[in-house]
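Okay, so chain A shows up in both of these, paired with chain B first and chain C after.
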Partner chain A sequence: MRAFLFDPYRLGFMSRARVEVVLLGTLGAVVGVHVALRRLAFVTDAVQHTVFPGIAIAYAVGWPLLPGAAAAAALTVGLLVMLTSGHRQFFRGAPPGPRVDFDSALAVIIASFFAVGVVVVSRRTGYAADLSTLLFGRILDVSRAEVVETAVIGGLCLVVLALLHKELVLLALDRTQAAAVGLPVRLLDAVLYAVTAATVVVAVRAIGTVLVVAFVVTPAATGRLLTKSIPGAMAAAAGVAAVLGWIGLSASYEASLNHDVRLAAGATVVIAYTLGFAAAGAARLLFRRA
Partner chain B sequence: MSTVVDSFGQHFFRLALIEAVMVGAVAGAVGVHVLLRRLPFFVVAMSHATFPGVVFGSLLGVSLFAGGAVVGIAVALLVVALGSLRQIDDSSAIGIVLAGCFAVGVLVLSAQPGASRDLSAYLVGSIVTVNTADLVTTAIVGAVLLSVLAAFHKELVLGAFDPGGLTALGYPGRTLDTVVLVVVTVALVVCVPAVGTLLAVALLTVPALAARQWTDRVGPMTVLAAALGALSGVLGLCLSAAFDVAAGGTIALTATALFVVSAGVRTAAARS
Partner chain C sequence: MKTSAEPAAAPALRLDALGVAYGRRSVLAGVTGEVAPGGSLALIGPNGAGKSTLIKAILGLVDAMTGRIEVLGTTPARARGRVAYVPQADTLDSEFPVTVAQVVLMGRYRRIGWVRRPGRADRAVADEALERVGLGGRAGDRFGVLSGGQRQRVLLARALAQQPELLLLDEPFNGVDSTTTDVLLDVLAEQRKEGVAVVMATHDLSIAHLACDTGCLLNHHQVAFAPIAEALTPELLGVTYGRSAVVLAGDSTIVTTT
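And then the complex of A and B:
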């Protein structure tokens, strides 16, 4: 057990990967509880696809990937706020202007951004290999500088969430009340979208554009199964994410090295999260019956 | 432009055009129900969740289409079951299932290297390699899907607008909901050879949304959505031949352009 949990991390790249996974897991868990309260899982999924063209273009031009991803994410948040402002009503009684509900707006944004990414990547040779790096990430390759970036951006996101905690929770639970007491509702929406987008952007490099949603959604849902209180759910989710991330990385290392089954590290961590959620769900069902 | 004209003479390009028209039309029509029931996130989720099915299909040597469809339908039922837990909202349930399934696909793939060529075709489509058998499959499956939608049209539309009313009238509401989810999943799998899983979302939502800008009525909206879907397929394919870029991405971008034009016309008309 000790060998399983500690030995792999004597290697520099494994140790960096562990720090990165624990950081991202904690950040994703806290952001994820807000995302779950607001039912924004789709926004997370949207951003993880829309950063793809930003990364692809930055990669094609030879720029660092993070600013490219951040620009695409910012554009997504801007478009989303613009397309859906005041047009939540889809059918009768819709105000003039494009008839687009929230989910459809996201679908259009995802489809068009992702298509741009595919078109850009398809102009390059070595298409398939590049594409799969972008889609599946490369957690075992993170550098020290990237870990520091993750820590700084993640820390900023957590500070913003802590400062606006009361306001964001009120907004999530009772939008009308929040507007009535004079909170800047749309600005708070934009802040939460931006924090979610920033989380996806820092996670995308390590995890790839498709699995990021697991970091935000799954531990948070597990935390909510374990406790009703919101700070409690955040703490539980962060703990679950950190522990399962560690175990997932170890399992991927163990299987690849000693059992000759090569398991992709990022995907193994996501499977560990999913199994954790399944266990919490099963426990909950059993206790409810009893 | 001459490259496009030349392409028409080639057999593979004609096959690709037929596939693009059929896929666009079927996806456009099914897309109307995706919008009515606000299922875009479900479609995105399915596009990822069918992934392990395709990986298994590719490893076992059975059709990718069958693998994707079987796993897709199983996952649709799992989402319905998870969504009935009280602590988990639908959108979280979809998120958990989609990421979990996709991770299974990636894992199996990482343990079995060598399949990645097939897979990137699966992810982003490869319409120029469709063969006659694919066309026949698309035609039959598409016809079945459209007949199901036509046969239950009234009930499905009522269920989308007023689920309580539908149940009160004695219809099996739950069963009809499941029928819609299965139809959407199968339509998604049909789109895969043309545009790939990740861009199938585009064909299943964007043409319907563009059609929505022109009419309030579900019937004309369905016809228009099918037409716009087919148009996106043809225009996108020609543009991709002209500029030598990925066909799936170009088809999705063409659909988006049609939506932007429709929304623009509608906004201008509403203002004047």
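And then the complex of A and C:
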């Protein structure tokens, strides 16, 4: 057990991967509780796809990936704020006649951004390898500088969420009351979208655009199953994400090295999260029965 | 702005030919009347008649398209800190992981301000408000496990914790138990004695009679704005609800066939 949990991390790349997974898991867990309270999974869904062209273009011209992803995410957040405010009744002066519903508009944005990404990537040689890096990440290949970036951006996100905690919770419970007491509800929406987008952006490099949603959704859902309060859910989710992320990485290393079964590290972590979620659900059912 | 020597003389609410529209669709027109401090106004009309829109206009969440609206002697946006709003309890997510005490404490958030956390004085005001609605013993329970009537009382306590000068309620008596009805009537009467004005949307004419001194009949436009006994006449109610859709039993119950 000791060997399983600690030995792999004597290697530099495994040690960096562990720090990155624990950081991203903790960040995703806390952000994820807010996302669940507000039912904002669509923001995660949108940004995880729309950062793809940003990353692809940055990759193609040889720039660092983070600014490319951030630019695409910022554009997405802007579009989402426009769409969701138009979606609600606060939108005045709209022309009469048929409108495009929110889900369709969102789907158009996601698909078009993704298509641009594929076009950019497919013009390069080594297309398949590049594509799989972007889709599934390269957790075992993160640099020290990237880990530091994750810590700084993630830390900023957590500070923003902590400072705005009571306002964000009020907004999630009762939007009309929040507006009635004078909170800037659209601005708070935009801040929460931006924090969610930033989480996806820092996570996408390590985990890839396909699996990143699990970091925001799964530990948060597990935390909510295990606790009754919002801070409790955040703490439980962060703990679950950190521990299962660590175990998942160890499992992928163990399987690849000693059992000759190649388990992709990022995907193994996501599977560990999922098993944790299932266990929490089962535990709750048993408690209810007893 | 206001130079009067007696600021208390400003009406809690003054509406002057108020009209509201969403886009090009007019939802409310020609609403005119006043509510004095300590007064109470019942907004009466069928579903979709503009009662909730009028409440939103008083809260400053929708703008006047035509006419004027003055709240506590100023604009709705400037009056926000002195106005409290009680929504219908079933519009809130009952799965939301907050306790009853936390919901009531939310009534203090504007006074607490950004970043700061609730202090002892805020908790004392919230506790007192919760006691006032008869739920002092449920502070630690999750909001969603309470009955509909109890949740309605928690939201009333949240509004009391705001210590408002104008209290707005959207159908507070809809589907609640008799204990809750009694507590609501009691608290509203007490608040009015302290000079708090009350505006509430309601379907229940007997409640309107009991709780309010003025009635405003609405069906997109104002049918009447008058002392409650003069407003709740069969003729005016017939105009408000549409002749075919209304049956009056006695003088206080309205039954719509829709």
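Note that in this section the second predicted complex is superposed on the first by the 276 of 290 C-alpha atoms of A that agree within 3 Å, B and C clash if a C-alpha of one lies under 4 Å from a C-alpha of the other, contacts with A are read in each partner's own complex, and residues count from 1 in each chain.
Definition applied: a contact is a pair of C-beta atoms (placed from the backbone, for glycine too) under 8 Å apart; a residue touches a chain by one contact, two chains touch by 3 or more.
What you see is a predicted model; the values in this text were computed from it and never measured.
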Margin query: On the A-aligned overlay, A:103 touches which partner chain: chain B = first, chain C = second, or both, or neither?
Written below: first
Next item on the list: Going by the touch definition up top, name the partner, chain B or chain C, that contacts more of chain A.
Entry: B
Next item on the list: Once the structures are superposed on A, label A:214 by its partner contacts, choosing first (chain B), second (chain C), both or neither.
Entry: first
Checklist line | Touched partner set for A:166, first chain B, second chain C, both or neither | finding: second
Next item on the list: Could you look at A:224 and tell me whether it touches chain B, chain C, both or neither (first, second, both, neither)?
Entry: both
Margin query: If we overlay the two complexes on their shared chain A, which of chain B and chain C does A:182 touch? Say first, second, both or neither.
Written below: second
Next item on the list: Considering only touches as defined above, state whether A:45 meets chain B (first), chain C (second), both or neither.
Entry: first
Margin query: Just to be sure I read the superposition right, which of the two partners does A:267 touch: chain B = first, chain C = second, or both, or neither?
Written below: first
Notebook entry, point to check: Once the two structures are fitted together, what part of chain A is touched by chain B and by chain C alike?
Noted result: 91, 96, 224
Next item on the list: Over in the complex, which chain C residues touch chain A? Could you list them?
Entry: 22-24, 56, 59-61, 77, 80-81, 83, 85, 87, 91-93, 96-99, 103, 106, 109-110, 112, 114-115, 117, 142, 158, 162
Note to self: Applying the document's contact rule, which stretches of chain A touch chain C when the two form their complex?
What the structure shows: 37, 89, 91-94, 96, 163-164, 166-167, 169-170, 172-174, 176-177, 179-182, 224, 227-230, 233
Check: Can you list the chain B residues touching chain A in their complex?
Finding: 35, 38-41, 43-45, 48, 82, 85, 87-92, 94-96, 98-100, 102-104, 106-107, 109-111, 113, 116-117, 119-120, 123-124, 196, 198-199, 201-202, 205-206, 209, 212-213, 216, 244-246, 248-253, 255-256, 259, 263, 266-267, 270-271
Note to self: Please output the residues of chain A touching chain B within their complex, sorted ascending.
What the structure shows: 36, 39-42, 44-45, 49, 90-91, 96-101, 103-104, 106-108, 110-112, 114-119, 121-123, 127-129, 131-132, 135-136, 210-211, 213-214, 216-218, 220-221, 224-225, 261-264, 266-268, 270-271, 273-274, 277, 281, 284
